[in-house]
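Next come two complexes, and both contain chain A; in the first it sits with chain B, in the second with chain C.
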Partner chain A sequence: MKALAGLYVQQFKTTMAAMFQYRASLLIWMIGQVLEPLVYLIVWSAVSNSAGGSVGSYTTRDFAGYFVILMLVNQFSYTWIMYEFEYRVREGLLSFALLKPVHPIHSDIADNVSSKLLTLPAMVLIAVALAAAFQASISPQPWAVLAFIPVLLMAFIVRFLLEWTLALAAFWTTRVSAINQTYFVLMLFLSGQIAPLTLLPYPVQILADVLPFRWVIGFPVELLLGKLSPAEALTGLGAQAAWLLIGFVLLRIVWKAGTKVYSAVGA
Partner chain B sequence: MTFLRLLAAFFKVSVVGEVAYRVNFFIQLFQTFLSLVVSLGGLAVIFSYTDKLGGWGPQEILALVGVYFLVGGMIGLVIQPGMEKLIESVRDGTLDFTLTKPEDTQLIVSIGRIDIWRLIDILLGLGIMTAALIGLGEKVGLWQAGMFLLMLAAGGVIIYCFFLILATLSFWFVRIENILTIFQSMYEAGRWPVSLYPPWLRYGLTFVVPIAFATTVPAEALTGRLNWETLLGAVGLALLLLVISRVIWRVGLRHYSGASA
Partner chain C sequence: METQNPPAVHIKDLRKVYVVSQQESGAKAALRGLVRRRSIEVPAVDGISFDLAPGEIVGFLGPNGAGKTTTLKMLSGLLHPTAGEVKVLGYTPWKRDKPFLRQITLVMGQRNQLVWDIPAIHSFELNRAIYRIPPDIYRSTLRELTDLLELEPLLNKPVRNLSLGERMKCEIAAGLLHRPGMVFLDEPTIGLDVTMQRRIRSFIAEYNQRFGATVLLTSHYMADVEALCRRVVVIHHGRLLFDGDLSSLVQKFTDHKTIVVRLGDCHADLKEYGEVVSCVDGLVTLRVPKSGTAQVTERLLADLPVIDLLVEDPPIEELIERVFAQEKP
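Presenting the complex of A and B:
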């Protein structure tokens, strides 16, 4: 345990140092993170304005709040591990990681968390600025704010487990971009990134309920926006817990099977 | 024409290289299909709540989506693969080999890698545009068709120069590979008419990252909204950027010191 803590500290330091070296790419990455929710914010504001000020249970200002929070939640739970893994397997770098005495997921977690800590202040500033510019209305009950903290944490863990597991597809095929893109498209639609899920057709909502995407983005957003009842929040936490379990088991199985079939490309 | 000869040669090489991986065709087909589902699905949801978006009707937005796929396909077919390769080869020093070739390096770099499966996006884009125009019930006259092609060409040149300038930055900042991936997420903004956006973003998407010229402007030409200022602006900017990107390329190339050497 102590050794693991030491590993995290070292990884934090390394990532921080690396990130400071590549400030420009960090900035570009953030632009991408901001732009997508911003575009949908603007589109839905336009829809709402031309529909007389609201769509479903969302007013124009609700949309602003929704997409601003979404931007932060996505920033918090986002991973780029699939690209990283493809690169590692393709270049044979994974062999080194496998030689290390600790599970490679730890350095990935540390890497992910530290780069997010670094971008968080800027993202919060941008979020506040956008919330002000678009007059976002965000009015959660105090309990929802409290519940948001564990929910967001769960969202991060679940998404990390699932995407890390998905990234392991690189063990079986070196051309994983199709899998990644499929995943991202599903994510876009079923997590609430394109529109609040309650505005989508009913069958899509059902699908979103049974798949994990909603629970790692849309659910935390709706919670903080103040759109959920305590019962709905509890259901959501339950779904997150279920996916946490599924994700953990999947990761164990896939990792075991994957390391067996792995043969470093180029080695 | 050296350009056409080389393009044909590189195209042939890509075809020969890719037919061995026919599964990639289905993968791309699948990805394009997914992207289409997102686009049309998004539009269906939005237009179930309104009938005009920023002054554009559903069929007009559909035409814009067609242009979006068409231009996105062109970028993915030849512009982006070449520029990605350039950045890679600057980082690992293999640009040395390209430099020794007798043809102009910029030309080889620009068309040296072709992702033939992205032709699917181009075909799909054309299909969507046709469907949209039939839906509009509008007869596209010679004038509109001509203007559309002109704006498409200008937009293509502008985007190419933009990519080239970004990729050329790798001569100074070696690790910039995600500059190009980020373009992808910015390009998403081109799905919608730029007139929808608040002024600061509209100017950003026009002059900082010239996505407006790639999608909105050709779509404007197609739906008969193009005005003279935009037309001249697009052509002028395309010519200007051609010169600027060439200058930056040459300065950058002088700055290159083979990483492997």
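Presenting the complex of A and C:
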């Protein structure tokens, strides 16, 4: 445990050094992270205003609150591991990772957390500025604010486990981008990224309930926005716990199978 | 085994067969390929056996595609053998047990493990954490490696700004920080200039001496092998061609010797003594059958105004080339 902590600290330093090298691309990446929810915010504000100030249970100011929180939640749970893995397999970097006496997921977690910590202050500032500019209405009960912390953490872990597992597709195919595209489209529609899920048709909502996407984005956002009852929050946490378990088991199985394939066909 | 210690590496009848799907040309075949892929089995390593004693440096030779890298990958645990026995330091490599991984390293001249955009020292520190190297040992190893490989001015430059040779030195250092007892080197000097090759060569010898590490080295540069390895293992088409002293390889595969004679001039006709390989400024190189060497030498000395005479084995490079050319699958 202490040794792992040492690894995490060292990875943090390495990630920081690397990010310092990539200042420009980091800035572009952050602009992207802000721009996407901002576009949806503006579109939905316009729709809401033309519909007399609200759509369903969302007022124009609710939409502003929704997408500002979404920006933060997405920033928190986002991973880039699926692009990374394809590159690793192609460049033979995975071979080096497999020869290290530590599971490679640790470096990835540490790297992800490190870069999140480093960009978080800027993102929070941007969020506050946007919330003020669009007069966002965010009014959670104190319990919801408290519950948001474990929910956000769970969202990160679940998304990380699932995307890391999906990234392992690189063991089987060199065309990972097709899988990534499908995944991102599903994510866009079924996580609440493009619109609050309660505004979507009922069958889509059912689908979103049984799939993991909603639980890693839409659910934490609605919780902090103050749209959920304690019972709904508890149900959501339960769904997250279930997906955490599923994700963990899947990761183990797929990792084992993937490394087996890799060691059969060669690096 | 004659040695009392168990071997550092033991492989017996090791095989690795790749299943490769074949794509035929033509539209019809391509359509058929969508439904059913034709696949063929390609044996990359086809039943080789050898042992390495602890502390040995052995040259692992063979032309491209002979199965060297595949063997190294099986020994380091990246590839699962199709058949046969393999033990390294008493472990089964493909299980990749952590105690095993802490004691080995694989350095590949054509692959990089250092983080590209940041100074090598960061990658070194990361390896310190990954291998759990105690701080004092890390410091002294780093100092030693820095001295031996002259890394001092390189450590704080981003890796992408280093030359090929400088990067290779850093790659080797990164691979040896945890002081592995088993070192696999796959073409560590590829693409490097002669000075850098020599420096890396002397470093490998030094590391082997200092830490008693076992080293298995592949290289296309015979100078590497001649300088470092008393013993060589030669494979071709996945099969073992030779395993033994470099000198007995020469004995086994040469039926000729080279006689270099310095004469006053080049005019004398030496064809009757042997095959004239070259004649430059009175320096004549003759190729003669091994059995006739003594007789030819005697005649040369008796018949001609010889200033100097040297009997040599043919250069190892030429020899290896001939060994590979002779052996048909």
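The working rule: the second predicted complex is superposed on the first by the 262 of 267 C-alpha atoms of A that agree within 3 Å, B and C clash if a C-alpha of one lies under 4 Å from a C-alpha of the other, contacts with A are read in each partner's own complex, and residues count from 1 in each chain.
To be clear about the criterion, a contact is a pair of C-beta atoms (placed from the backbone, for glycine too) under 8 Å apart; a residue touches a chain by one contact, two chains touch by 3 or more.
Computed from a predicted model, the values in this text were never measured in an experiment.
Participant: Is the arrangement of chain B and chain C around the shared chain A a clash or a fit after superposition?
Facilitator: Result for chain B and chain C: fit.
Participant: Quick one: is A:Thr182 in contact with chain B, with chain C, with both, or with neither? Answer first, second, both or neither.
Facilitator: first
Participant: First (chain B), second (chain C), both or neither: which does A:Val9 touch?
Facilitator: second
Participant: Where does A:Ile105 make contact in the superposed view: on chain B (first), on chain C (second), on both, or on neither?
Facilitator: The answer is neither, since A:Ile105 touches no partner chain.
Participant: Between chain B (first) and chain C (second), which does A:Ile246 come into contact with in this model arrangement: first, second, both, or neither?
Facilitator: After superposition on chain A, A:Ile246 lies in contact with neither partner.
Participant: Is A:Val55 touching anything from chain B or chain C once the two structures are fitted on A? First, second, both or neither.
Facilitator: A:Val55 contacts chain B only, not chain C.
Participant: Check the residue A:Leu237 against both partner chains and state whether it touches chain B (first), chain C (second), both, or neither.
Facilitator: Touch status of A:Leu237: no partner.
Participant: Rounded to the nearest 10 degrees, how wide is the angle at the Cα centre of chain A between the Cα centres of chain B and chain C?
Facilitator: So the angle at the centre of chain A is 80 degrees.
Participant: Examine A:Glu36 and indicate which partner it touches, taking first as chain B and second as chain C; both and neither are also allowed.
Facilitator: In the superposition, A:Glu36 touches chain B alone.
Participant: Considering the aligned complexes, could you tell me the closest Cα pair distance between chain B and chain C in angstrom?
Facilitator: Minimum C-alpha separation, chain B to chain C, in the superposed model is 7 Å.
Participant: Taking the two structures together, which residues of chain A meet both chain B and chain C?
Facilitator: In chain A, residues 22 are touched by chain B and also by chain C.
Participant: Write out the stretch or stretches of chain B touching chain A in their complex.
Facilitator: That would be residues 21, 24, 27-28, 30-31, 34-35, 37-38, 41-42, 45-46, 49-50, 52-54, 173, 175-176, 178-179, 181-182, 185-186, 188-189, 191-192, 196-198, 201 of chain B.
Participant: Where on chain A is chain B touching in the complex?
Facilitator: Interface residues on chain A, with respect to chain B: 22, 24-25, 28-29, 31-32, 35-36, 38-39, 42-44, 46-47, 50-51, 55-56, 133, 175, 177-178, 181-182, 185, 188-189, 194-195, 199-201.
Participant: Quick check: in the complex, which residue numbers of chain C touch chain A?
Facilitator: Listed in rising order, the residues of chain C that touch chain A are 18-19, 70, 73, 76-80, 94, 96, 98-99, 101-102, 104-106, 108, 111, 113, 115, 117-119, 122-123, 125-126, 128-132, 158.
Participant: Please output the residues of chain A touching chain C within their complex, sorted ascending.
Facilitator: Of all residues in chain A, those touching chain C are 3, 6-7, 9-11, 13-14, 17-18, 21-22, 91-93, 95-96, 98-102, 107, 260, 262-267.
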